[in-house]
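Listed below are the structures to be examined.
Two complexes are shown next, each including chain A; its partner changes from chain B in the first to chain C in the second.
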Partner chain A sequence: MNLYQNETWLHSVNPSLKLLGLTILCIGALWIHDLNYMVTVTVGILVLFLGFTGQRFRYLFLLFIPFMFIFLSTSSAMIMFGQGETTWFKWGLVHITEESFLRGMLVGLRALLFAALGLTFALTTKPVNLFYSLMQQAKLKPKYAYSFMAALRLIPIMMEEFQTIRNAMKVRGVEKQLGTQGITFKLKACSIPLLSGSIRRAHRIAVAMEAKQFSESPHRTYYYQFRFSYVDTLFILYFALLLSAGYFVAVWIPFLP
Partner chain B sequence: MTKGLKLTDILVTIVIAIAFGIVYILWGPLYYALSPLGLHLDQLVYGMWFIAGPVAYLIIRKPGVAFLAEVAAASGEFLLGSPWGLSVLLYGAVQGLFAELVFMLVRYKKFNLQIAVLAATSSCAGSLLMDAAYGEIGALAAWNLTLLLAARFIGSIFFAGIMAFSLVKVLEATGVTNLVRPSSRADYAALDEDMKG
Partner chain C sequence: MEQLAIRNLRLKFPGEKSLLFRDLSLSFKEGEKVLLLGPSGCGKSTLLQVLSGLIPRSIDIPMKAENYAPPSSWGYVFQDPDSQFCMPFADEEIAFVLENLGVPRHEMDGRIQRHLREVGLHLDDLHTNISTLSGGMKQRLAIASVLALQPEVLFLDEPTAMLDPEGTKDIWSLLKQVGEDKTVLVVEHKIDHVLEFIERIILFNENGEIIADGPKGIIFSRYRQVMRNQGIWYPGVWEEHLRQQPLPPVQSKGDLLLHLQDFKGYRKKEPKIAVEDLKVIPGEWIVIRGENGAGKSTFLHALMQFIKHKGTYELLGTPIKKLKNIVDYMTFVFQNPEFQFVANTVREEIAYSLRIEKRDSVQIEETVQRLLHLFHLADHQHKNPFQLSMGQKRRLSVAASIVKEQKLMLLDEPTFGQDSRNTFALLSWLEEYRQQGTTIIMVTHDDHISDHYASRVLTIKDRQLISDEQTRRHEANPIAGTSGGAF
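And then the complex of A and B:
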C-alpha cells in the first residue's frame, strides 16, 4: 500500500515547519479552556485531516475508529467522576454534573484534536523527508537523523524476525501455556532474541557507517534539498485564520455555554 | 572517554527505542480495551510506555541515553500513526526527561533494580504532570483520582521498573550488552593480568 499516493498541498509544506507548527498548536491547546474555541479549532483540524491528507475515505474512516475510543475513554471518566455542583444524574459512584460533563467534552475534544493533528502529519510526511529537513532547517545532528532513518528501515526486518520466531516455536511444538507463567515465558521467548538481534545489527550498521567515513562535519551535502516556499505561507495563514476565527466565534457567537 | 554519545551508542539506542515504539503502538488497543467505566483498570498497564528509557540506560549505561530512547520510542510510535497523535511526542519527552533526572542524580553510576524502579516512578510522575494539563485529572473526584494514581504507579513499577530490569538481566546473559557498554575498570584490570602472564 502506498501511503503517499495522492499528494496535496499539505505534502509540500516544509516538514520541519509542519512539525513545529503542529507542536506549537498542541502545546497551545493545553491552555484552551473554552469549549466553543475548542470545537471550532477541532473542526478546522478535521477539515485538514479529512480533506487534505490525500487518502481514500474508507481508509480515513478506519483510522477514525480509534479516535472515537480515545474520545470516549478520555472523556467518560471526567464526565462520570469529575467534580461539579449542578447535578444532572446520580447513581452510586457515578455523579454526572453540568461542570463535569462540559469538562469531559473539552478533554475528549482535546484528545481528538491531538490525534487528528498527529495523523494528519504522519499521513502527509515521509519520515525520510522529515529527517532530511530537520538536518537542514533545524540543524539536527546527522548522527541522530541517520540513526533514526536506519532504525525506521529496520522495522520490517523486526516484523519478519518476529514472524520467524513464532513459526520456529510452532515447528518445534512449543505449546500454549496458560496463566501468568505462560505470558512471561512468551514475552521472554519473543523479546530477547528480537532485542539482542536488533542490538547486534545496530552495532554492525554503526561500525559499517564509520568505516565508510560517516562524517560529523557541518558542511555535508544532502541528496534531498528542502527549502521554504509559498505553501508554507499558506500553511501558517490557515492556522492563523483558524485560530482567529475560533476566537471570534467564542467571543461573539458562542453556541455552547 | 570522549564527550557526548558516539554514533554506535545513538544508533543502538534508537534501534532499541523503535522496537519499543512498535510495542507502544500495539499497547494502545490493550489500553483502551481496559478503559471502560472510568475505573482506571487501564492505568495498570500504562507503565509499559515508560520502559524504553530504563532499558536503554541499563544496556548502554551512558548519560542522555534514557531521554533519547524515550523520545525516539515516542517518535517511532508517532510516525507509525499512533491514535494519540502528537501527544505521545510531548509525553515521551517529559517522561524521558524525568527518568533521565533520576539517572543524573546517581551520576550514571548505579544500574540496579532500585534505580530502575525509581526512574519508572519518576517517569510516572512526569506523565501525571502532563495529564494535569492535558486531561485535567485534577478535577476528578478525590477517590477516583487516588485510584488512578495508585494504579498508574503500581503499573509503572512493574513494567518500567521490574520488567525492564529483568529484561536487561536476561539480555546480559546473551552477551550482547558487552558490545555496547563502555569498558569498565575490571576490563582494564583483566588486560593488565594478561600483560603480566
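And then the complex of A and C:
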C-alpha cells in the first residue's frame, strides 16, 4: 500500500516549514482559552485533514476513531466533574454546569486538534523528504538524518522477524506455559532474539554506510533538493487567515458564550 | 606492481584471550583476483575489513600494522542483502553514494541509470521499493552502488551466501564482468563459481595463520585434505562424502502419515499454496524444490498450521483440527536457528519442551545427555545458545526440535550458509532419524541433497505443487492403493 498516492498541495509544502508551522500551532493551542477561537481553529485544521491529505474518507475516519475516543473521554471527565455555578444537571457525583461543559469542550477540542495536526503532517510528509529538508533548511547533521532513515527501514524487517519468532515459539510449545510466569517468559523469549538481531543489523548497516564513503564532509550534495515555493506562501497564508478568523469570530460573532 | 601490502598485522578481539592475527604479512598486485579460504572463525572477513580500512575506522577493534594505507578507492559487498542499504528506494540508495562523493545533482540521474544498467538490474521505475526486490536483485543493487564509488579494489565478503543456486551463478558471472579491470579480494565458502574467476588462493588455518598461498591449481591439488577438514566446499567434496557414506535405499512402509487433498494455504485471505493430492508414508525423505518465492516455505508453514488452510489435511488418519497438540506429532526447524532459542543454556534449551510437559526429571536428564553427545554439544552445555558458533547453533536447534521424537520433521533450508562439515554431519543425523522411522520434509536448493538423500522430490511453482517424483533412492512402493493420481 502506498500512503502517498494522491498528492495535494499540502504534500508539496516544504517539510521543514510544515513541521515548524504545525508545531507552533500545537504549542500555541495551549494558550487558547476561548471556545469560539478554538472551534474555528479546529474546524480549519479538520478541513486540511479531511480535504487535503489525499486519503480516502473511509481510511481517514478509521484513523480518527481512537482520537474521537480520546476527545470523548477527556471532555466528559471535565464536563461531569468540573466546577461551575450554572447547574444544568445533577445526579450524585455527576454535576454538569455550563462552565464545566464549556471547559470540557475546550479540553476535548485541544486533544482533537493535536491529533488532527499530527495526522495531517504524517499523512502528507514522506519521512525521507522530511529528513532531506531538515538537513537543507534546518541544518540537521547528516549523520542523524541518515541514521533515522536507515532505522525506518528496519521496522518492517523487525515485524517480519517477530512473526517468525512467534511461530518458532509455537513449535517449541511455549504456548503451554500459562499464567503470569508464562507471559514474562514469552516476552523474554521473543524480545531477546529480536533485539540481538536488530542490534547486529543496525551495526552492519552502519558499517555498510561508511563503506559507501558516508562521512561528515561539508561537500555533500543532495538527491532531493528542497526550497521554498509559492505553496509555502499559501501554507503560511492559510494559517494566518485561520488565526485571524478565529480572533474575528471570538470578538465579533461569538456563537458560544 | 604491488597495490596493497600489509606488514606484521596484529589484531585481537576485545575479550578474547589470544591474538587473531600475529604478525601477518600479505601483499596483492594490481588487478589480481584473490580468494581467501579458511574455516569459519579464522578471521577472513576481519582481514577484508582491515584491508579496506573499515577496521579501525568504522569498527573499533585494537590492531597494529606497519604503516598500512588502505586503497584510495574501494567498494565492499556484504553478505546480507537486507543489512547493507540505508535508504528505502533503489534510486535513493545509489544516490546516497553519489551524495557522499559530492556528485552534482544534475549528473545523478544519468549515473544511477548507468550503474543499474551495468549490473543488469532492469527496473520499470527507478524509484522501486527495495523490499519488493528478490535477494538476487538486492545484491545487484548493492553491486551497482559499489560501482558508483568507482573502485580500484573490490572486497567481496560472501556476496552470495543468502542466494539460491541460480542467483549465485548470476551474481558471480556479473562480478566476473565488473571486476575484470579491478583488484578483487574474495571471501567465500561456496567456491564452485568463484573458481573460474580467481587466480590465487590464500589458505588459512583456524588460528588465523596462512598455511598456503599460491595459484589455485596448486592449492587444490596439494591441500585437498586440509580443505575437507576445514569444511570448505571445494569441487568434488560431495563425491568424496557420498563414497564414504553410502546411503541405503529408502523403504517407506506402514500406514499413511500425511494426506492432503484439495489443500490450500491462505495468507491474509489469499491462497498462497495449492496442493491437489499428496500422500506421505512413514520413512520417506521428501525434498521440496522451487524458485525463490514460489511458495515452498509457505507450504511448510501451512502444514505446521502457522497459516490457515482449507481442504483435507489428515495426520495419521485423523483430521488435523481434531489433534490437540500438533507439536507432539511434528516439528519444524527454521532457517535461522536463533529464532528458536528460548532458554539460557544449551542444556536447558534441549530440555525445554520436555520440562513444560512435566515429564519425569530422570528421563529428561537421560534424553538431554543422549542428545548432547549425539550432536557434539556436551562441551558447550552450560553456554548460552547465542554464544555458539553458526554450526553449533544449527545443531542445537535440530536437537531441541527433535527432542520429543516426533514422527514428522519439517525443515526450511537447514543447510543454508553451513560449511561442508556441518552440512554432512547434519544430513547424517537426519538419515539416522529417518531410519528410525521419522519422516523428513525439507525445503532446500541443494541439488546434491535432492539427488542423493531424497527418496522423493516435490516441485512447487507459482504457488502450486506441480510435480511429485520418486528418486533412485526409493524402492518399489510396497503398499497398494496409496499411489494415487499424483504420481
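In the analysis below, the second predicted complex is superposed on the first by the 251 of 257 C-alpha atoms of A that agree within 3 Å, B and C clash if a C-alpha of one lies under 4 Å from a C-alpha of the other, contacts with A are read in each partner's own complex, and residues count from 1 in each chain.
Going forward, a residue touches a chain if its C-beta (ideal position, glycine included) is under 8 Å from a C-beta of that chain, and two chains touch if they have at least 3 such contacts.
Model, not experiment: these values are computed from the prediction.
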Inset, instruction - Quick one: on chain A, after the overlay, do chain B and chain C clash, or do they fit? Just give me the call. - result: fit
Inset, instruction - Name the contact category of A:Asn6: first (chain B only), second (chain C only), both, or neither. - result: neither
Inset, instruction - Using the superposition on chain A described above, determine whether A:Ala150 touches chain B (first), chain C (second), both, or neither. - result: both
Inset, instruction - Could you say whether A:Ile165 touches chain B, chain C, both of them, or neither, answering first, second, both or neither? - result: second
Inset, instruction - Give one of first, second, both or neither to describe whether A:Ser244 is in contact with chain B, with chain C, with both, or with none. - result: neither
Inset, instruction - Could you look at A:Gln177 and tell me whether it touches chain B, chain C, both or neither (first, second, both, neither)? - result: second
Inset, instruction - Please work out whether A:Val207 is in contact with chain B alone, chain C alone, both, or neither, and reply first, second, both or neither. - result: both
Legend entry - Which superposed partner A:Thr233 touches (first chain B, second chain C, both, neither): neither
Legend entry - Touched chain A residues, chain B compared with chain C: B
Inset, instruction - Based on the superposed arrangement, let me know which partner A:Gln225 touches: chain B (first), chain C (second), both, or neither? - result: second
Inset, instruction - Angle at the Cα centre of chain A spanned by the Cα centres of chain C and chain B: state it in steps of 10 degrees. - result: 70
Inset, instruction - In the overlay, answer first, second, both or neither for which of chain B and chain C A:Thr87 touches. - result: neither
Inset, instruction - Aligned on chain A, what is the least Cα gap between chain B and chain C? Give it in whole Å. - result: 7
Legend entry - Set of chain A residues, in rising order, touched by both chain B and chain C: 150, 152, 192, 196, 201, 205-207, 209-210, 214
Inset, instruction - Quick one: which bits of chain A touch chain C in the complex? Just the residue numbers, please. - result: 128, 146, 149-150, 152-153, 156-157, 161, 164-165, 167-174, 176-177, 185, 189, 192-193, 196-197, 201, 204-215, 217, 219-223, 225
Legend entry - Contacting residues of chain B [partner chain A, same complex]: 7-8, 10-19, 22, 28-29, 32, 35-38, 40, 42, 59, 72, 75-76, 78-90, 133-136, 139-141, 143-144, 148, 167, 170-171, 174, 176-177, 179-180
Inset, instruction - Name, in rising order, each residue of chain A that touches chain B in their complex. - result: 22-23, 26-27, 30, 63, 66-67, 69-70, 73-74, 76-78, 80-83, 93, 95, 100, 103, 106-107, 110-111, 114-119, 121-123, 127, 130, 143-144, 147-148, 150-152, 154-155, 158-159, 188, 191-192, 194-196, 198-203, 205-207, 209-210, 214
Inset, instruction - Going by the contact rule at the top, pick out the chain C residues touching chain A in the complex. - result: 49, 52, 54, 57-59, 75-76, 78, 80, 82-89, 91-92, 95-105, 108, 130-131, 145-146, 149, 301, 304, 306, 325, 327, 331-332, 334, 336, 338-342, 352-353, 356-357, 386, 400-401
